[in-house]
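Have a look at these structures, which come just after this line.
In the two assemblies presented below, chain A is common to both, partnered first by chain B and then by chain C.
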Partner chain A sequence: MSGASPPSPPSRRAVVGRRVRKVDGFKLVTGRTAFTDDIALPGLLVGRILASPHAHARIRDIDTRRAKALPGVHAVLTWKDVPRVPHTTAGQAWPEPSPYDTYLLDSKVRFVGDRVAAVAAETRAVAEEALRLIEVDWEVLPPVLDMEHAMDPGTAVIHDEPDATGIRDAARNLAGDIHTHIGDVEAGFRESDLILEREYRTPRQQHAMLEPHIVICWLDADNRLVIRTSTQIPFHVRRQVAMILRIPVSRIRVIKPRIGGGFGGKQEMVLEDLCAALTLASGRPVKLEYSRHEEFFMARTRHPQILRLRMGVKRDGTIVAHHMRVLAATGAYGSHCTTVQGNTGSKVLPLYRAPHLRFDCDVVYLTTPQAGAFRGYGCPQGYFAQESLVDEIAHELGMDPIAFRLKNAIRQGDVDELSAQLGEGKKGLPRTIRSCGLPECLEKGAAAIGWKEQRNGGVRRPGRLLRGVGVATTMQGSGIAGVDFAGAFLKANEDGSFNLQVGATDLGTGSDTVLAQIAAETLGVSLDKILIYSSDTDFTPFDVGAYASSTTIISGGAVKKAAEKVRDDMCCFAAQLLDAPPEDLVCRDNRVFAPGGKSVSMAEVAVHALYKEKTQVMEGASHFNTDSPPPFCATFAEVEVDTETGRVRPVHLVTAVDLGVAINPMQAEGQAEGAVAQGLGYALAEELVLDGRGRPANANFCDYKIFTAKDMPKLTTILVETEEPLGPFGAKSIAEVGINGVAPAVANAAFDATGLRFRRLPIRPDAVLAALGGRR
Partner chain B sequence: MGELVIRATVNGAPRRWTVAPGDLLLDVLRREGYWGVKNGCETGECGACAVLLDGEPVNSCLVFAAQADGRRIETVEGVAAGDRLDPVQEAFLDHGGVQCGYCTPAMILVTRALLARTPRPTEDEVREALSGVFCRCTGFKKPVEAVLAAAARLADARPAAPPAGRKPARKAAAR
Partner chain C sequence: MMRAPDFRYYAARSVRDAAAALEDGGNAAMLLAGGTDLVPNMKRRTQTPALVIGLRGIGELRGVRAGGGGGGGGGGRRAGGLTLGACTTLAEVAAAPAVGRRYRALALAAGQVATPQLRNMGTLGGNLCLDTRCTYYDQSEEWRRAINWCMKAPGSNGGHACGTPDGASLCWVATSSPRCWAVSSTDTAPALIALGATVTLARVAGRRRLPLEKLYRDDGMAYLTREPGEILTAVHLPAAAGWRSTYWKLRRRGSFDFPVLGVAAAVRFATGGAVADARVVLGAVASRPLVVPEAATLAGSRLTDEAIEPVAEAAAALATPLDNTDFALAWRKKMVRHYVAGALRELRDTPS
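For the complex of A and B:
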């Protein structure tokens, strides 16, 4: 067994740790067909959805006769035509911890934009004309738009259907709740010298991935249903569609082509079920996609929350007790409702090693757009609150915010017990910190922002433009402990190349490249020898999908195991050619070396195995972890507050992040930088606004601002590498953690500049002006 | 509805299309196999559909196909010479300027237009030019670095060019 050979030291690594180009980059820069829509299918129909104009209503009757009679219309579906199967659209491992409160089509609508009916027609114009011909007899019900009153007695009940399951208390519009603690916070508060209690509010943010949701379905020559979809979760989609349409899993093939961004918005079965139903009804290929306008309110959003935090500290800055109370709105359906909010507690509170922690959370239904998974998964809300409060406490105590954080932060060797209480909808597993580079992140980040020189001190000085700096420290996870798992498969070709087949889903993150790097490094071959193919339920092994910052550590773990097995196989065949024991052989530079220096090429070994020994070298492996090692991040912001306009302008954002070992530092930086851009939007601009009847007021890119090239400040990204024992080559994760600290760092910088605290996101000029005015 | 026959040059090759008066250039280009032209909003906001019309970036979802009659269109498919990538494409790959790649065709075309006009742009000029193309993945640091690197590479490749200009930003962008 050559697997016994010790791992190569980082300096000797040929592929891992290198800033290599994306393995799938060529097709992207040349515009080759890659994405879901880049395909011409004969007979393709266009699907369209009739969206509810009401936030809350019952459909007394619906008449589709005129729509069906329209020439060019091939299918019209309402709830009368489809199976009624309660389910969740959340892309989570079975059994999903989200309530089964959703139907393919229903006789009740629960938000403006909810599905009423669907049409498939020859052209979009005909499909839209058909939608206009559908007659609906509405019984309009009172909307429920305010999360603070959703549970009031007498409020309209949003999920009054009898067949939903997993709802905490439907009669009170309570989708789910979480109550957990370690220690005794009340006792902790009694021991505290200073107690602060503050309330924070966070908005509905939209993913705004550049490629809206899109699906194309058809029946293949064997009458199987093919679903070509822009998804992060192909295997969950297959299972969900089978259940909802009551067809066997074996009849479905899900193909994930290139994805134009997801950020969690595609960790959800959003359109696949309906598109598949239209294909089955019409017998024709159907394309169903959201327009940009629809994407804003008919897809998913981040959960808006109201957080009330109470923290008690000793005079020396030691945190004794922290009680976080969260009220969150999941919107019309409960997808990801308790899991996102569970993370608000489990991935935020344990950052500081207080002996007394308590987390209480209610997640309510509203007749508003549906919330779901979104990069950070509950942490951006929690960290905005926690890091703002911690900053305020440090200021009250006259302590440097960095020193305060360092004093209290979790460190290597610590065991986070709260995670054991807060699993994904069930008991979790305790989290042991095996690697932690947070002190180094703080130190390097502070140097990069110019912490000492740029601090203004939280006082308002004269002048129009006020500058300040702020900091936030955060963590995340790397996969869901004990839940996420992945498979990988490798086979050797006669020219020394290897096909790597994974169910992992590159949504633009670069995971195909990272996984190929892991395979190449393990096999001792160059990156061009790895031919990666990801996510086709017929041709690749299972993978839970791309979410929870899991791909590098979980899918990468599977790839590494499979590659080790293939390497051992190759060594066995090479041993025959080299006349040396397989365990003495070393694979590198596309060759296999014997101790004396004699070597054969991988190609020669593969040819020998194939044609002489009649053996296809091929291996598969599965991988999961029972722990979720957190990446750590220190985010620093420098802002300029314009006291005339109220605008908070970010000047410089520094992200210093401990991601374990960076498999591809260039891509890792890109993940951090993209997260900052989204985080700045969250901090300063982005909010899906609803009017008094629940209708979206800004469902377009003119009125919903995202940061562009011109708006972005200077960015500095510092990768702080640690060696994580549970990760392949020491890797943890990077995709999400960078977003968590942006809003609090900006808010803390705004305080440093003005002496004013902003506890509601986004921090918009009107709020800043009002606060500044109040002080004049 | 009456149909129109239009003639345009796409990536150097003459094309003849039959279109309806209301057809968008975006839809016609995609229908004709130029899949690199992306639809991100269809309402002129995101820039994903940018192509060069007589060398200038336009959002093809805001242009009727009929308006392209007699004009020169450049799409991302025409940027590489066969398998050989253009320096702008190389730079986007080398500098990590591509993540999901949905905005990439537009970024590359807008960059080409910028560098044709301003061979050695300042960072502000690059940001101004790219600001019409939305990107939700990169945070723009690496795309901006890629454009600056491409400019340097191209300038090195043609030493006979006049000295680098540092003029104030011109209105560019695929708006």
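For the complex of A and C:
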């Protein structure tokens, strides 16, 4: 059950701010062909990957003769058959800040599930038979599975190849590191009245999106390579595949159909390079997809981290110094390694305006599944630690946790200088807070959870079922400042409709709807007049892709600019028909109005422009920001702890979020609620478990526990609207921020109920019971 | 998506027909009811029958009817009772008014298996014959190949349709052990054993009836005493007069999950309120459902906390969870105590 916030304040906007239906909703609920796999190609081959059974091994020799000889097999590829181009699979703007440590196929494998070889065959059965016929002569190397010992002298070196670049210190398995500070934390600690230092641990979480990775490649009539793929980053994929296969960008077309979810797992080139290579080798269309089982460990995960936080405060609750040390594992390859971890510092520490901040971080390689981008991008780890610690400090000081947060939280007009130190892979830009609804989020959220009445106070009372409430405050960004950019293109049709072409990538988030709303509002037309298409590298303008909570603000900004230009063009033609100066005209209700009330329809204007003036009204625009306005969120949890089983059951989750202006409140609430579901999994159940040899033990939906509908608590979502000057119609973002506070709010609520702190995720009943028992 | 290997399918028209096909098929044949256990196993290649004999079209195997409850261990109460066809779906069992409150443990157990979709397909017979489960067994073929298989599923070319050991290596759960430790994970078996159920097994040569408890063996591979040509056709419940029962299932989520622990408890109260008869059966803590003999000590008591505690303690001592399912094993053992005590207290405290 979800309690929605009251509707946004009445405004004169006709489309923006309205709870309109998703523009692609109908085709999805009626099961129309919309997804990558929904296409039938004659002669389609099935690709399969031979996955490494070893966590760490060298391929002394590989014999594919028997596989190639099998009838129905059209291509068998190993490292011997493909170009060796070091690259990163991270879908980031060029030049990517991730190390180039990955190869299409290699003579070394670095985790269970790593690519050994690939086959394209007429049927799946033949392809799998061919995999079994490939003979590999292995030199098995010691696995490296423990991040706390990955840098120990004598540990096996995971990236010993000479041609990788951008690795911080390959000989020590150190993929990247970050060391930055503001002020002088040691001096700050000397000034502090109370210092707490705590360690927190977070697990490997898997995206578990509905649609696993899938790609279909073919050569078109002009012999160009077409890549139809479920991706968040079509334009990066085009660039990466061109580089890896050494073919010009002009010979590649990437089509992104409707996507069945990604959560960051598709901000990455995962299968496209290999599928393209199989198509080039066989000359035939090839489909390559992960099974659900493979998706769990052959795609990407969230980075597991060990965080050690030290915070010093004054007796009055003023935070003076905060030192965050992070050890993170990127797994076998370093995609997103320093950027995700950089965000653990840059988007978390500045939430509290301490004069002395320090962030030290090492990201190590392990022979484990590869980590990558994942909703929150380093923040869920950082906020679990930070929000647990400030809660503990508030308790120690005898302060209300909300009051403590309000006292220290960043506010409108503040400039966050840490962001200037911690850009994505390079120096960033300072962040100025132009809108901040955090106090209102805390106030409304506290009222919704019943903060005053429900608080237990962190003491263990008698009885089997104990209840408590907890809070966490968090922020995120809206796009990467100075990096993310997007284009949009609009043209007018003679019936008053408009084609909107964007490179932005709706992965289920609803961005197609939001972008169409922005265009419709700007043009003064109804939503059905906007025909949005996303995305195809041949037909839509460039967009970095769907990540970093950027689409509404960055792609939306481009759409708004393009729509303004088209509106101005339409007004110029309407001026001829209305006999009034164009600058006096107003567009609304699918018409253009002159000051006296006289009007013409958009269709009439379009017909006039096309057939009279022989002009196609069309405009494009690009957009980027030099700042990344943070959305703010207060997450409240009420939990029940069963002292007989140790089970922590969420009872009520409240998300009060300042997202700027909600372009579509219904979709925004959906994003917030989805984030809570994924955040609860992170807090209480989800963890990809590896055994002593690096093999996944629970790579299926039976044993990897995501929250189901039955496990969801009561949800309340409160949209706190602020006006963000940098966003289209005042919008910021909503897609990620809601996940950050769930785990700490739950942990703090569990403390409130029991008096015990839980510093390791997921909070498992066996661990809770052990802790409860220890106190008795 | 994982796909099933090729196999022949025979849609049996009657029990006799199925039994003949099963006998003809020998080791290469397996029965399929709802298929919710067998088909996933075929996809993972842990079970690879060349011949699959479908039972779903056999009308006589479906439905719940009164009577037939006499037989094994029913004391003086042989008349009456209930007979459930083996192919009755779990959804039907959970919703059947005749099961309802009288055989509450069964309704609760059947209603908590897996998910609604799986309960619509899965059958009572399939649930009772459910394959045992293990972290090292319920994995894809590639995964198991990478660990060099295990004794329960030794390689893909073994032709071991019924789990017969050949080319066996070892048990990864306890590498020095001569036996397989896969876990019995059926929800309904503990409930039915607590309710005193018997089952009928049919083969070409005839039928036999045995207490359900006797259907199971403490061996992760040969976990049933069912003979190769036998089909489980029906489950019989003795009359329920005077009995109260319940089933407590421990799992991580509110849906979907196999039991980490199942506790079935049934108590018959004499007039006057003292316990006349009590049974406690554990699921998912061994390769077979475990009857807790100490439950007999409850007779004559008023199910006080003092009477319950030693039974709960004994149950926990009996359980031998191993490191092959969800959660730490010490915790699972601890949970046995709480769940047994909780289930018995519930029977004491709920008015009949």
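Keep in mind that, in the parts below, the second predicted complex is superposed on the first by the 766 of 776 C-alpha atoms of A that agree within 3 Å, B and C clash if a C-alpha of one lies under 4 Å from a C-alpha of the other, contacts with A are read in each partner's own complex, and residues count from 1 in each chain.
The working rule: a contact is a pair of C-beta atoms (placed from the backbone, for glycine too) under 8 Å apart; a residue touches a chain by one contact, two chains touch by 3 or more.
Keep in mind that this is a model prediction, so the values were computed, not measured.
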- Task: Check whether A:702 is in contact with chain B, with chain C, with both or with neither, and answer first, second, both or neither.
- Result: both
- Query: Which holds for A:292: it touches chain B only (first), chain C only (second), both, or neither?
  - Reply: both
- Message: In the overlaid three-chain picture, which partner chain does A:123 touch, first (chain B) or second (chain C), both, or neither?
- Response: neither
- Message: With both complexes overlaid on chain A, does A:710 touch chain B (first), chain C (second), both or neither?
- Response: both
- Is A:669 in contact with chain B, with chain C, with both, or with neither (first, second, both, neither)? first
- Message: By the touch definition at the top of the document, which applies to A:21: first (chain B), second (chain C), both, or neither?
- Response: first
- For A:112, is the partner it touches chain B (first), chain C (second), both, or none of the two (neither)? second
- Touching A:685, do we find chain B (first), chain C (second), both, or neither? second
- Message: In this superposition, which partner touches a larger number of chain A residues, chain B or chain C?
- Response: B
- With the two structures laid over each other on chain A, which partner does A:510 touch: chain B (first), chain C (second), both, or neither? first
- Query: Once the complexes are superposed, what residues of chain A are shared between the chain B interface and the chain C interface?
  - Reply: 291-293, 700-702, 707-711
- Complex contact set, residues of chain A against chain C: 51, 53-54, 112, 124-125, 291-293, 644-646, 685, 693, 695-703, 705, 707-711, 764-766, 769-770
- Taking the complex as given, what residues does chain B use to touch chain A? 30, 33-43, 45-46, 48, 75-77, 79-80, 85, 89, 92-96, 98-105, 108, 126-128, 130-144
- Query: How about chain C: which of its residues touch chain A in the complex?
  - Reply: 1-3, 135, 138-140, 142-143, 145-147, 250, 252-258, 326-328, 330-331, 334-335, 338, 342
- Message: So in the complex, the part of chain A that touches chain B is made up of which residues?
- Response: 19, 21-22, 24-35, 37-38, 40, 207-212, 258-261, 263, 291-293, 507-510, 666-667, 669-670, 673-678, 700-702, 706-712, 715, 717
